[in-house]
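Just dropping this structure here.
Note that the chains take the letters A, B, C and D in the order they are written out, and that residue 1 is the start of every chain.
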Amino acid sequence: MNFHLTPATEGLRSRLFHIIFESDTPGAKAFDIALIVAILVSVAVILLGSIEIYAERYGDIFFYTEWVLTLLFSIELLVRIYCLERPLLYLKSFYGIVDLIAILPTWLVLLVPGAHALVIVRLLRVLRIFRIFRLMAFVGEANLLIDALKRSLHQILLFFFSILMVVTLFAALMYTIESPEAGFTSIPMSMYWAIVSMTTVGYGDIVPATPLGKAITMVLMLLGYSIIAVPTGIFSAQVIRSIREDRHSEETCPGCGHEQHDKRARYCMRCGTWLDEDSEDPRKKDEEKQDED
Amino acid sequence: MNFHLTPATEGLRSRLFHIIFESDTPGAKAFDIALIVAILVSVAVILLGSIEIYAERYGDIFFYTEWVLTLLFSIELLVRIYCLERPLLYLKSFYGIVDLIAILPTWLVLLVPGAHALVIVRLLRVLRIFRIFRLMAFVGEANLLIDALKRSLHQILLFFFSILMVVTLFAALMYTIESPEAGFTSIPMSMYWAIVSMTTVGYGDIVPATPLGKAITMVLMLLGYSIIAVPTGIFSAQVIRSIREDRHSEETCPGCGHEQHDKRARYCMRCGTWLDEDSEDPRKKDEEKQDED
Amino acid sequence: MNFHLTPATEGLRSRLFHIIFESDTPGAKAFDIALIVAILVSVAVILLGSIEIYAERYGDIFFYTEWVLTLLFSIELLVRIYCLERPLLYLKSFYGIVDLIAILPTWLVLLVPGAHALVIVRLLRVLRIFRIFRLMAFVGEANLLIDALKRSLHQILLFFFSILMVVTLFAALMYTIESPEAGFTSIPMSMYWAIVSMTTVGYGDIVPATPLGKAITMVLMLLGYSIIAVPTGIFSAQVIRSIREDRHSEETCPGCGHEQHDKRARYCMRCGTWLDEDSEDPRKKDEEKQDED
Amino acid sequence: MNFHLTPATEGLRSRLFHIIFESDTPGAKAFDIALIVAILVSVAVILLGSIEIYAERYGDIFFYTEWVLTLLFSIELLVRIYCLERPLLYLKSFYGIVDLIAILPTWLVLLVPGAHALVIVRLLRVLRIFRIFRLMAFVGEANLLIDALKRSLHQILLFFFSILMVVTLFAALMYTIESPEAGFTSIPMSMYWAIVSMTTVGYGDIVPATPLGKAITMVLMLLGYSIIAVPTGIFSAQVIRSIREDRHSEETCPGCGHEQHDKRARYCMRCGTWLDEDSEDPRKKDEEKQDED
């Protein structure tokens, strides 16, 4: 099933895999840091390029920096694909898609003339920083948080749903009480006001004008102020549970690059590759035995 | 006590009951999804109908959609009533009232000419989404949250009461310190300002003007910022307790449609109907025995 | 040491004590409800009296209502003093002072002509509701919260102190960066802005104008947004501990009216009176024995 | 290695050490209170001096107060250095740097003419209050909080990083949707708006104008409102853990003034000095033994 490569090529791939996907050797760490710097620079270029004064003055520098970085990111992606045994699985994973999104917009500008509007897509390369972060020291912690979020997702969705219902009811109420002059021109506009008030943001662009409207606003604000406790309570309980039951491994699969394995896992949960590089896959032994028979 | 129906009718009722009240068969799931879509469409019609441009342009579509949906909801309610053994108990329950409220306003518009102001009541059909939600995957979670809320209710009421007292005292203080020009025209108006400040909403429509007023505002804001911890602390503690002691069942009573039973319950806590459909009610055996004697 | 009263008077005092200080008999409950209503009415009169339109229209009604209520509260206080064995200790306690504060301002208006500014002090009678509340169903819960607050007080003070230091440093920073035109006219004014921003209130009356000021504001807001977790974390931990260790009694001392006793307490922790009314104070037996000897 | 002093001088140093670094004798407590008052006065002078009216009226008083206090703080620092056995280690520690920063700005004004801009650095003396606080009753509590913060630091950094990424994406989105007239002039400016909205501050200086922008804002506000739970959840879990595992000592090292020792520590973790003043350092015994041999 695997490519049968010459030992030398196999060695190069294995070394590249270690540098790019792991972070336990000096080379791998240097690569991680270089990648962080490149990502931060590319984001800074996008941010500063949106400020008119800087765009006029340093437009050329921004343009060339972006092209150099896009080239580097493209090469990096090719190397990533090269050193994985199942590259298609990687490209379909979250980080593979992020990698593609991070370079596609700039290439599109070259090919399609009017693609300058893809600024937002270009911004998606910010997501790449997550990869680095995960490779560094935070693996356990991030997994803990993701675990707790997964566990509380159902309850937090239910909570959001309830909030939307409360918001809709209060919005309809205020729409009939307050006049359009105060800003309550429609129920959706009232919903905007209700969310601004309930989340305690309070821009002040729409504000109740009548005494009754003010009284209802007080109730809404106190409600929002106190039910902020609900997601906190749910999430706290789940974090406490996650800390108690944590057993994530920092292993990266040499097959598809998948990283969130259980500590007791011996095969990749996504592609079935043998994870323990220090010993031999017992399946191979069995196959060899069968070949001998 | 029960209606004595022919087996065929009894079978139809039982099948309808399963489709409408449960969600474990394909038919039941299809019904749930259709109901969700109908409810969301009816809410969207109300929201968009309040925007003047859309109301002018699509007024007719909105009008006919609402009538079709109201007819569907009315039929659904009749079927619900038909397949329950104690329909009156259902109509008096929370969901029964919600079902009635969801269709009454549109019918009223037909009968009473000037009933267009009932927009808000029409909005109450949003509450119906809760039914669907509960039927789906979230039953356990919702019950957990409701449990934790019930347990922390006394303490959270006490907390609200204390906040209202603090708000009243600060409002009276600011009313004497600040001038009416700054917006502090009466104690109730100052209370509105105090709640806006204490819940960290901060519209900015009323703002202290004097140095002393600003100093008091700082104290109030820091107070509000830190006692936001109180409901969170109470609720967190109760959620942790609820998770530990959870024992809700997903059974629906075939008698009255009641759903929040204890896992160990054998009879409906509301109407006494035998809950376990796979075995026979021991009471019946006793009755038969008595009949034989 | 105790007054030696005739049995009849003693019985009247004991009955009055039960009606006023406890809430386990129909008479006592009626008294509590009457007191709640009276307090709410007196607060409503003060609030509505501050709105100019109502003050002009219903000024007389407000005036007479307040006098009637003040008379009633005065009589109530006299009865309270009458049925306690150590009335001075009661007058020095928190609730005794609150009772005095609730009636003094109105009497002062009669004696001192220009005492109308005492509106705020008059508002303090709101605090009296706490007494009722505590007598009702919430005793245990309130004690739990008070316990948790006492335990987390040191840490929350430390937290506030740290916040004030952060606020002072940011205020000084913004005072040098931003111009007085933007509202940063002095360091104390900048502190007002910093607290408005850090507590996430955000009135918008003072807002940074320079890019550097905006950058610092972002840091301050993110700081405030995330350290809101600190009091919550402290308080949650303490509430959980308090729930575990709860052992408050609902006993009221017949000597001084003190109420927060330990469940195992046999004598009042404040005046030493024997708490268990169903049995006899062993000290008395000892005294009698000594008398006999 | 230690200075060999005459017994009398040694006694003076030891007594000064107790007064300045500990707080368990009347003299030490008096010193602490005097220091608190001096620090608060010096901070008050800086704050009031920034208000123009006060600066004009009381400028001279402020000037002389500051000089007197700076002299006192300088003497205090010299005495601190005198009574420690390893003063350089102290000067390199957090509190040593704070002590230096607290007096340097005023001296600089004397030496360098145009150094009046160092107002902010002068403010750093606020940090000195921490020393006092720690000496008082709060040692254990502060250590608990610092412990919990250290433990949750990685996770909270990860959380901040995620927030910055969300903020950047939303900012880029709003920059393309909203016009510069509404205030969204560049992506960094949109980021300022996104942080103001997500942290629920809501100044209202930049506000979405288009319906689509308002819809995105609602999502961002609800997101910010609910992920406020994440740091709270992390921190709560860690505070609970810290309370369980607390074992900090209140000992101060007579060698370098370090204070956060483990309860079981016998030697200073920073300079190796013997901590237990009531018994003799076993190392000395060994040395004496070796000398005898």
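Everything below uses one rule, namely that a contact is a pair of C-beta atoms (placed from the backbone, for glycine too) under 8 Å apart; a residue touches a chain by one contact, two chains touch by 3 or more.
In UniProt terms the chains read A, B, C, D = Ion transporter.
Treat the numbers as computed from the prediction; the structure is a model and nothing was measured.
Visitor: Upon optimal superposition of subunit C on subunit D over Cα atoms, what rotation angle is obtained, reported to the nearest 5 degrees?
Guide: C-alpha superposition angle, subunit C on subunit D: 90 degrees.
Visitor: Taking shared residue numbers divided by all residue numbers at the interface, is the value for subunit A and subunit B over half (same) or under half (different)?
Guide: Both copies touch with mostly different residues.
Visitor: Hey, how far is the Cα centre of subunit C from the one of subunit D, in Å?
Guide: 34
Visitor: Nearest whole angstrom, what separates the Cα centre of subunit A from the Cα centre of subunit B?
Guide: Roughly 34 Å, centre to centre.
Visitor: For subunit A versus subunit C, what separation do you get between their C-alpha means, in angstrom?
Guide: So the centre of subunit A lies 48 Å away from the centre of subunit C.
Visitor: Which positions in subunit D are in touch with at least two other chains?
Guide: 159, 188, 191, 200-204, 224, 228, 232, 234, 236, 240
Visitor: Enumerate the contact residues on subunit B facing subunit D in the complex.
Guide: Against subunit D, the touching part of subunit B is residues 200-204, 232, 236.
Visitor: For subunit B, which residues are in contact with subunit A within the complex?
Guide: Subunit B reaches subunit A through residues 43, 46-48, 50-52, 117, 119-120, 123-124, 126-127, 129-130, 133, 137-138, 141-142, 144-145, 148, 156, 159-160, 163, 188-189, 191-192, 195-196, 198-205, 224, 228, 231-232, 234-236, 238-240, 243.
Visitor: Can you tell me which positions in subunit C touch subunit D when the two form their complex?
Guide: Going by the criterion above, the answer is residues 154-155, 157-159, 161, 165, 168-169, 172-173, 175-176, 185-188, 191, 197, 200-204, 207, 211, 214, 217-218, 221-222, 224-226, 228-230, 232-234, 236-237, 240-241.
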